[in-house]
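Questions regarding the structure given below will be posed in turn.
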Amino acid sequence: MPVTLAGNSYGKQAVRLVTVRRFPDRHELKDLTVAVRFEGDFAAAYTDGDNRGVLPTDTMKNTVYALAAGHPFENIEDFGLLLTDHFLTNNSRASKVQVDLTEHPWEPIETYRTAFRQAGSERRTAGVTRDREGAKVLAGLEDLVVMKTAKSAFEGFPRDRYTTLPETADRLLATAVRATWRYSRPDIPFGLWHQVRRVLLETFAEHDSRSVQHTLHAMGEAVVRTLDVEEIHLAMPNRHHIPVDLRPFGLENRNEVFVATPEPYGLIEGTVRRG
Amino acid sequence: MPVTLAGNSYGKQAVRLVTVRRFPDRHELKDLTVAVRFEGDFAAAYTDGDNRGVLPTDTMKNTVYALAAGHPFENIEDFGLLLTDHFLTNNSRASKVQVDLTEHPWEPIETYRTAFRQAGSERRTAGVTRDREGAKVLAGLEDLVVMKTAKSAFEGFPRDRYTTLPETADRLLATAVRATWRYSRPDIPFGLWHQVRRVLLETFAEHDSRSVQHTLHAMGEAVVRTLDVEEIHLAMPNRHHIPVDLRPFGLENRNEVFVATPEPYGLIEGTVRRG
Amino acid sequence: MPVTLAGNSYGKQAVRLVTVRRFPDRHELKDLTVAVRFEGDFAAAYTDGDNRGVLPTDTMKNTVYALAAGHPFENIEDFGLLLTDHFLTNNSRASKVQVDLTEHPWEPIETYRTAFRQAGSERRTAGVTRDREGAKVLAGLEDLVVMKTAKSAFEGFPRDRYTTLPETADRLLATAVRATWRYSRPDIPFGLWHQVRRVLLETFAEHDSRSVQHTLHAMGEAVVRTLDVEEIHLAMPNRHHIPVDLRPFGLENRNEVFVATPEPYGLIEGTVRRG
Amino acid sequence: MPVTLAGNSYGKQAVRLVTVRRFPDRHELKDLTVAVRFEGDFAAAYTDGDNRGVLPTDTMKNTVYALAAGHPFENIEDFGLLLTDHFLTNNSRASKVQVDLTEHPWEPIETYRTAFRQAGSERRTAGVTRDREGAKVLAGLEDLVVMKTAKSAFEGFPRDRYTTLPETADRLLATAVRATWRYSRPDIPFGLWHQVRRVLLETFAEHDSRSVQHTLHAMGEAVVRTLDVEEIHLAMPNRHHIPVDLRPFGLENRNEVFVATPEPYGLIEGTVRRG
């Protein structure tokens, strides 16, 4: 029976890069995790064990460090563009190169300029994909953990024989936002990221939510309408906080005491685009 | 500016289900994590907060438990088929329902028939996707952690200015196999899973490996050639074990002492199919 | 052969409690994980399966929620004192009750008063232990992740045949501080926690570090000297950031490019006390 | 105000060591994580930044690899004895050296002798502590995950105003056993570990359990009575599996359908010793 290699890719994951730039009055700290992925004409390695076209993933890792040394960058998108350009230019068998970058944020400790505190689990992300036609950039963020204690309801849903969920006009709404977006112009300054994040946070806080879906859409719509963003995808797990039933103890729960449950959780996704 | 909801889905993740069937001579224990995901005509929930079509994810969870009660199953694929059929039949707005199932294995402790030991991190998986045309089943496994201490090389690769990796004719090869496959006939007995797993393990053990790519392809090819499998996708992270340089201590490392490194790691993927 | 039950304890771990207090102008959000542990005269349960003295751990959990409902608190130490008092008063067999509390911080999103962002992995902790003599309180924090990019050296250490580490006058110093301390007066306002945290951060940032040990001691000394703290224990893993050797690529690393390594890591501990 | 360094320790954690011994007919694979910890006269490093007595933790790591090269071992306890002896002999300032070893198990794939499968999350542990008086060895295991589907009850417990837990004569009992023990003779062959593990498993399976406490004690008692073990400490989290209430769906749960809950969980500990 004939068999076909119907698809293939390879690369290096979890390359941990920290850079320090030393200015007279302060240091600038960058903390990244980088992943590199090649697609292309690598079938001989799979079928025949012919490694002549296989740039080692160890070399991909080295390249990340070597290029970081000579090319300071402000926005991770720019470093991703540099890396994909290098890899595609220097590897003729690769037809597509993808570089995913995750930035771990550090903030100066008070007014000290050479000491930093890790500001949280929230991360900035970028995905740069380049083929012989050009490059595409997806900006993003993940693990932006937020909670609303007002203006969140879930009512009016259908009920079947397995539905026991009570309707609620006033629930906690907690999630860990993951967002990726495409800017509407190729020459956008990537520092616009900070405004996208701000609009997402403000809309989450302000929105009169009838469901996670409803708030997700409002967040995406606000970004697309007010900033140079063509399309945004949002994934928002519903981290349920359930009011504890205190009646068995002769007490009333005035919507004040909750149990946070890690599982199961809802997962709501949506893409909002212009047009 | 007009905006469009260009895509949406919602569902429940991480529904933890354990079932016990009690036979006279033994108990049968099943331990599953189930995820349910709907796509369809749910735009009004996003854009207008209209929940009239939104079956609560809490109801999805309840349904998993309720159907598990009345329908014992041997293979998780069958439970996925049952669940997708139920959801699609009873929710006219849903155009596609996906149920992902992960089975955590337990083995009887010695000859005891009502006591079990969790046999490892390895898991069996199934993904069932159903739309109005019918259902598709992907069988799979993940976190099958294996290592070869012989018959593994990596040589003959290209070198550029950033390449420092030495060639090696005898290295450790360790990975955590993730595989998903599609059977070649719809009426296949899903217990064939055990044979796929066995062929994957045996081929990994026997293969004279020139690279992860090479072994991945051999594993996929063996499955597709010898069993009723149409197509298999394999993802194999290269968990590097690096020989420790003992020369600074006046010692020789005869390929016996290694440091296991969690990151960075290679990631090799490929799809092998018939034809 | 006679055997003895030489020690025993039991309790409930990982009780997740979220409370919301609703003021006219803002909401106050508390997010805690609570653990309860009893020691005492429980041997009959172990040796004879006699459960008559064993308050269920499920009841411990319920009690956490029930007492949270009626007793709003500002500092977690106060809630720990309340819980230990309740448990010891109502369970005559218990000779010692320990309650460990971990607070997960949330910050208001900008100026919104009913929407919050999880501010990071850093957590406030308290351990309250009570026996028939009275209660002891340990305040603390954990996962305070910090890094210095200046004023950190490690030189002058002894070398043996297995030593390859180069001396360095200018290295990155990164750690995740875990601290527990005992106040010097029983009537201390527990909000002093915020000043302890501030002194730890400032001393870390300012200190001219010759080693992790050196900085750990400076941090502990500053707390004990300047605040009402009798004794502080600090545990500081050394999260190594290693300069990448760029010479094979014809480049120089001017102390700017580092690889962050998760393992192995140093672990330095010390206790500083008055007197 | 005078301050004192009231305690201190330092060392290296998470040293990952994999060794392969190559016999004509098979390979032997060992996979360990090692931690080294010194106590002693190291105050000058803390108080004055004087590093002259501080063997770098990097050297500790190197020593683990260097000694592994020349000293193959069957049981991890022996490697711990070797390491502590080396460190204490060669570091006059150290008064106590502790080495903790964790072994990750691999099993041959079927009859292949140079290919292995990671057999699970269960781990063998050893803690060796040595001071100028001699060495102490604690053998152990952790994450031995087991479940009983019969012969487990929890009844007859006291009820207070916060107790809602129903009594049950037939529940699931699941735990992840962590055990540490001290052998009764210094010249014990450390391979006795396998028998301790077997007795723990068999007793768990056989025992007519009235509570986790009851089964924990039976397990410890069986080990101490039947093997050369002086004392054993057991920690057994109660991983609750809660019967799903199917009555709202018009169904009966005949003790067959459960939700596995990760938190909260009970935690039961006890020490059984001879005499």
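The letters A, B, C and D name the chains in turn, as written, and every chain counts its residues from 1.
The rule is simple: a contact is a pair of C-beta atoms (placed from the backbone, for glycine too) under 8 Å apart; a residue touches a chain by one contact, two chains touch by 3 or more.
This one's a predicted model, so the numbers in the text were calculated from it and none came from an experiment.
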Task: Name the chain pair with more contacting C-beta pairs, choosing from A-D and B-D.
output: B-D
- request: Find the chain most remote from chain B, comparing centres computed as mean CA coordinates.
  value: C
Message: Using mean CA coordinates as chain centres, what's the gap between chain A and chain B in Å?
response: 23
Statement: Here the gap between chain A and chain D, centre to centre from mean Cα coordinates and rounded to Å, is 37
- prompt: chain B to chain D: how many Å between their CA centres?
  reply: 29
Message: Can you list every residue of chain A that touches 2 or more other chains, as numbers and ranges?
response: 16, 62, 66, 162, 164, 248-249, 262-263
Field: Of all residues in chain C, those that touch chain B in their complex
entry: 161-162, 164, 248-250, 262-263
- request: Enumerate the contact residues on chain B facing chain A in the complex.
  value: 1-16, 35, 37, 42, 45-59, 61-63, 66, 90, 154-160, 162-165, 209-214, 216-217, 220-221, 224-225, 231, 233, 237-238, 262-275
Task: Flag every residue of chain D that touches chain B in the complex, lowest number first.
output: 16-22, 27, 29, 31, 62, 65-66, 68-70, 106, 109-110, 112, 114-121, 144-151, 172, 201-202, 204-206, 241, 244, 246, 248-249, 251-253, 255-262
